[in-house]
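First chain A sits with chain B, and in the next complex the same chain sits with chain C.
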Partner chain A sequence: MNVAVETRSAPRALRQPSVLPGFGLTFGFTTFFLSAVVLVPLAALVLMSLRLSWSEFWEVILDPRAIGSYRLSFGASLLAASINLVFGFIIAWTLVRYEFPGKRIIDALIDMPFALPTAVSGIALTTVFAQNGWIGQYLEPFGIKVAYTWIGVTVALTLIGMPFMVRTVQPALAEVQKDLEDAAETLGAGRFHIFRRIILPTVLPAMLTGFALAFARAVGEYGSVIFISGNLPMKTEITPLLIVIKLEEFDYRGAAALGTVMLFISFIMLLAINLLQAWGRRRHTRTGR
Partner chain B sequence: MSITLDQVTKRYQGAPVVNDVSLEIGDGEFFVLLGPSGSGKSTLLRAIAGLTGVDHGRIALHGRDVTHTAARERGVGLVFQNYALFRHMTVADNIEFALRVRRVKRAERVQRRKELLRLVALEGMDERLPAQLSGGQQQRVAVARALAHKPEVLLLDEPFGALDAKIREELRRTIRQVQRELGITTVLVTHDQEEAFAMADRIGVMNLGRLLEVGRPDELYKRPATRFVATFLGAANLLLARQSKDGIHFGNHAVNARAVDGSVSGREHEVVAVLRPEEVELAPTREALTGSYLAAGTVEELVFTGALERLRVRLTNGSAEVQLAKTNGDGEYLEVTRTQHEQRAFQVQRGQDVAIGVRRIHVLPTPLSSFTACAASDVEVEHLSRQPLLVELATRMKTRVATRVEPALANGSRDCASRSGKFVGAAVVAAQPDTLKDIECLLARGAEEVFVLPPNAPSPQRVLIHWADEAAKTATLAVSASLLRHLSAEAIYVDVIPDGGSDSQRPHGMRALLDARSEAQAVHGLEMRTELRVGNVSTELVRQLGESADPLLILGISQINNLAHRFADLLASTPRWPMLIVYREPEVSA
Partner chain C sequence: MANRAAQIFVDEHATRPGRDTLTTAFARAFFIGVSLLFLAALLFAPLATVFTMALEKGYEAYLASFADPDTGAAIRLTLLTAAVVVPINTVFGLAAAWAIAKFEFRGKSVLITLIDLPLAVSPVISGLVYVLLFGLQGWFGLWLQEHDISIVFALPGIILATMFVTFPYVARELIPLMQQLGNDEEEAAITLGAGAWMTFFRVTLPKVRWGLVYGVILCNARAMGEFGAVSVVSGHIRGVTNTMPLHIEILYNEYNFVGAFAVASLLTLLAVLTLVVKSLVERTGYKGH
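Let's turn to the complex of A and B:
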């Protein structure tokens, strides 16, 4: 309903003088930029993979090694994004709601995974979680191996995605007024009830966005994972690595075919999350403001 | 009693924001907590609701002690200034929230919701979202929501703050109607005195965390006990006057206006008189006045506001006997309002000379009417009158600091007794090596209080109160109460039992302590803590002062020579702490 109204009024908005001059110019630039940087390369990728015959294409993408890598890539990414959904929320909550010494430092630390070259985080994680590493040596007696297993991959992807979650949820949480909780409390609601009925509905859209961002980042991650995963075919090999291997063998078409599959699955998943979000928005603010 | 507060104190980072508040609110009463922002009224309301814990004291609702009960078990309804509606829920869901929490059956929920929507005149709005309602409607929903679980107490925190005048008026009426219909005990917090007058059965005025006065709106308006309430509830001209057995005097002439105050002590003393703008009468000549003549003046400003005419009348220099307790910056003028009827009887223009009369005047029963800074030279007086603590006190108490050069206060001067100028009110002297002599001199010449001020003394956090003998008790308590209304400090009464006294004296000391406390509370509305010490009075007081952060001592005496031999330690050397010496001669019983 909202969307319909906007489209109808769009031509008028175009004609109206705007605060920022040169709407035509900027819009043209946006289209051009998107095409040059995003759409054309993606189309080239798909075209490249189409040089394979259908049977070759299917053979490449349904190869057991490839399927194993999809499972790890998307499985670990989903798991990492889910972990971030919970813990990223808790971190954001802590940063928004409490005052404590060193808060600014922790707030700045959140962004570190953004800035660090991913290979560095990979090496650092491997050092810590290896069998003789700081943390790894204590997990070893329990039979938990982190480095060179799918757990290690998940740990790396969680680290990479965490800032996306925290940074999207933080502003949404800051919007939840303390008054709302106070009101709910005087009306007899317990803590869990307040969280479920008042806080969660308000920040859920932001959490979904954060989830989508963290997931997308994790699917595309390469640098940090290859160090900690050990890269055993079928077991700890992620799809991006498989693509690099194909490239090193000069099998450009095979690499493009795998790339197309990743593109397709990622698109479907992000679309699903977006639809979920839109549905949630409609449900909560029915006709919108 | 619906709500009972007993000595409720709440501190933020050590500073009390709610300071020893005791209050009882009856069943079905509409009580308004009125005060400027930062006076602690909202904190007090949140404490009643259970959203803020208290550091000291007790809160009871319907006789049930809820001091340590969580908000959700207190059975109160709370309405916020910004509505605090759940924006993702419909009006229906908002109102039913408390019922869902209590797992009330659907049919019952719907019925209750319909009933509440009818009560706040929002029938048929069930399925709207808060964002689709106007501010006034949203606040009605908030009221309905707060009443859904049939709370025993309804609390409203500045509920009209965000609304414009007309809607405010409407909503006020609705809330008053709902309150009457349900007979629910209600506490409303506001800073708007008009709102308080319009709605309240009783008003409690708060300032600096203290509950200053409680009473019916008309009572508080007619007979305020404190300067703050007199000026916060409506406009008021505060005048300095002298009161004796014969009545109230301004300079040399007595005012024959209806003054309402019974307790007149023997000695003539300075008081603050409240003159409401509508009780001022203007006439062309002194003879034409129907009320008592006050002074001559010139109309300086004249504003027509519909029903009333507002004027500022500057007092003519000749009538210097009339002193305002607070100058309004640029000279001495009175605020006057006149009705249409009065305007027709005597039309005035700007610049016109008029005679000013008084119909009714109210004398505040509080001591400390004004401060007079005294020192030996111009420079010293000037310096003293600019001391931050003195300026702060004078501003808060809405009183003036006069200055007076007193050669008798010069070092080594011995001519105190030979000087004849009389003192009225409270004198202020700088702390110096022979302060004791200064104090004795000023007290002997009629000063009722002497405020000893060390240079750059900070604003006190703790006020210690002590009196040398029973005769000084009442006056000391009155002065303490008057001062503490304007400070956010805590009050502590210190009693000292002489050392070497047997244990049998202890119960007596305890009783004196309790008596003092209950008298302070009952007569002066002053909540104070008590401490009992053993030893030499002067030494113990010095020790107590030394242990406190930013203390101030209020010391009551009834014999001037008492100072020299009982409080030598305190006063022999240069005093380090601000001290207020209160002196009252013992009453001579006839």
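Let's turn to the complex of A and C:
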């Protein structure tokens, strides 16, 4: 009550009164540090790309080599996120619905790609999928080359996106009401029907959020990809690597232009993820659970 | 134990007359099988490869690879970087969580989004922004050169890039936790005459300790394992500006696989340790955000 009265008496107040101390100190430190470490450097990136004229900027970001790198970065990221859509769901389903020996260890290991340095997963995946590697040697006779091709890039991006999908879908799947499934089954619904009408609507927002998170992470990924990709211009060169190459050639403005494009895409993905999560929460409250 | 399992089995089937148990068993085997195969190829095989490759030429070669002075320098640099970055980001996380969770003010959701921003940005861009600021052709490049200060291709750049990348880890763990726990105890402490720091150390800190541990270990794992951002600012000077992940790249590109995977095995053990601590924290009932 008190709070409502006070807000009305000071409608333009930046913050509501509180008995707790330390707002000035903590808020000041937070905004200062955030600006110094994150915001000013990001602004420096955008400003650096503005040093190019409009036509130069377009020339850099629409260069055939740049276009080739977008094609690989976005194509492989989309494919990897789609693979995770299927397998991430299967893994989440397995962990939520079934009991089996070693389940707790496997559940804990799902987070491994979060904790494992990308350089380590990069060299390890390359070794496993190389022509003489543990898995690569069985794919070789079929003419499937994974390491040093776009398939390898997709494999690396699938690994780093996997935990995003599983960890987003798991809690949503745990909420599917089993009695609804039982009721549907009693009423004669088949398995596929139950999946489509009961399970899928409940987990759909989570799956799309997981897809967007995995995709967003994959587009910017560098460490785990550069070892397995082979890095041939136009063929197996991802956009972040092209930025590094431009920097090594001391083409700061070109690097900044490509960086600005990637930053813009990150913002769009962030917006999409926030919208998807808000949609998921709305559905969550509407169904009354 | 067996009795309970049997009971659950009976219950499961007693409530579902006419359920096709053969199909159920098949579905179970299918889901578990596909999950394990997927994880085996993408996660378990690379993890095992790290150790088999590191030990390929025996224990002595493995241990000898750590005698390389450049490897020792890389390990020390990584530890130093984490020792600087993790405490700073922990203080930042505590300050940000206090300001955001304890007070109501305008623009709060924008502030939360901005704190999360480094997670959405490609690691390469996290390094690039500092090169554009402090590199020779960057905004402050000439000034720094005149005053003989080196940031890029030196320790300060590595620390800044690592700070950028690990910036949100502690904050994003503590903000939702503190919001969920509420302000009642803190308000009671202040009303009863406790000072601000006493309230923080005696009331708030014990309440959020598991969330803090969780955030700090994830922050540390990323700080020690970061590759892309650090790679852009480091300049790859052997024995001077090479962190462990960068040293892995150099050794790997020189075909010194035992050396590369030996360093990788240390980082893999760090990742395993991180996951173990994380699981232990989760056993206290704390669930990560």
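The definition used in the following text is that the second predicted complex is superposed on the first by the 222 of 289 C-alpha atoms of A that agree within 3 Å, B and C clash if a C-alpha of one lies under 4 Å from a C-alpha of the other, contacts with A are read in each partner's own complex, and residues count from 1 in each chain.
Here is the rule we go by: contacts are C-beta pairs under 8 Å (C-beta built on N, C-alpha and C of every residue); 3 or more make two chains touch, one makes a residue touch a chain.
Here the structure is a predicted model, which means the values were calculated and not measured.
Asker: In the overlay, answer first, second, both or neither for which of chain B and chain C A:W93 touches.
Answerer: In the superposition, A:W93 touches chain C alone.
Asker: On chain A, which partner's contacts cover more residues, chain B's or chain C's?
Answerer: C
Asker: What is the contact status of A:T202 with respect to chain B (first) and chain C (second): first, second, both, or neither?
Answerer: After superposition on chain A, A:T202 lies in contact with chain B alone.
Asker: If you stack the two complexes on chain A, which partner ends up touching A:L180: first (chain B), second (chain C), both, or neither?
Answerer: The first partner, chain B, only.
Asker: Thinking of the overlay built on chain A, is A:T31 touched by chain B (first), by chain C (second), by both, or by neither?
Answerer: second
Asker: Applying the touch criterion given at the start, work out whether A:Q137 contacts chain B, chain C, both or neither, answering first, second, both or neither.
Answerer: neither
Asker: Does the superposition put A:G259 against chain B (first), chain C (second), both, or neither?
Answerer: second
Asker: Based on the superposed arrangement, let me know which partner A:P113 touches: chain B (first), chain C (second), both, or neither?
Answerer: Once the two structures are laid over each other on A, A:P113 reaches chain C alone.
Asker: Touching chain B and also chain C: which chain A residues?
Answerer: 182, 185.
Asker: For chain A, which residues count as touching chain C in their complex?
Answerer: Answer in residue numbers: 14-16, 18-23, 25-27, 29-31, 33-34, 37-42, 44-45, 47-48, 87, 90-91, 93-95, 97-98, 100, 106, 108-125, 127-128, 133-135, 155, 158-159, 162, 182, 185, 191, 216, 219-223, 227, 240-241, 243-244, 247, 250, 252, 255-256, 259, 262-263, 266-267, 269-270, 274.
Asker: Give the list of chain B residues in touch with chain A in this complex.
Answerer: Those residues of chain B that touch chain A are 46, 49-51, 70-74, 76-78, 80, 82, 84, 86-88, 97-98, 101-102, 129, 131-132, 142, 145-146, 148-149.
Asker: Name, in rising order, each residue of chain C that touches chain A in their complex.
Answerer: That would be residues 15-16, 19, 23, 27-28, 31-32, 34-36, 38-39, 41-47, 49-50, 53, 92, 95-96, 98-100, 102-106, 111, 113-118, 120-125, 128-133, 135-139, 160, 163-164, 167, 183, 186-187, 190-191, 196, 199-200, 218, 221, 224-228, 231-232, 244-246, 248-249, 252, 257, 260-261, 264, 267-268, 270-272, 274-275, 278-279 of chain C.
Asker: Within the complex, which stretch of chain A touches chain B?
Answerer: Its residues touching chain B are 177, 179-180, 182-190, 193, 197-198, 201-202, 284-287, 289.
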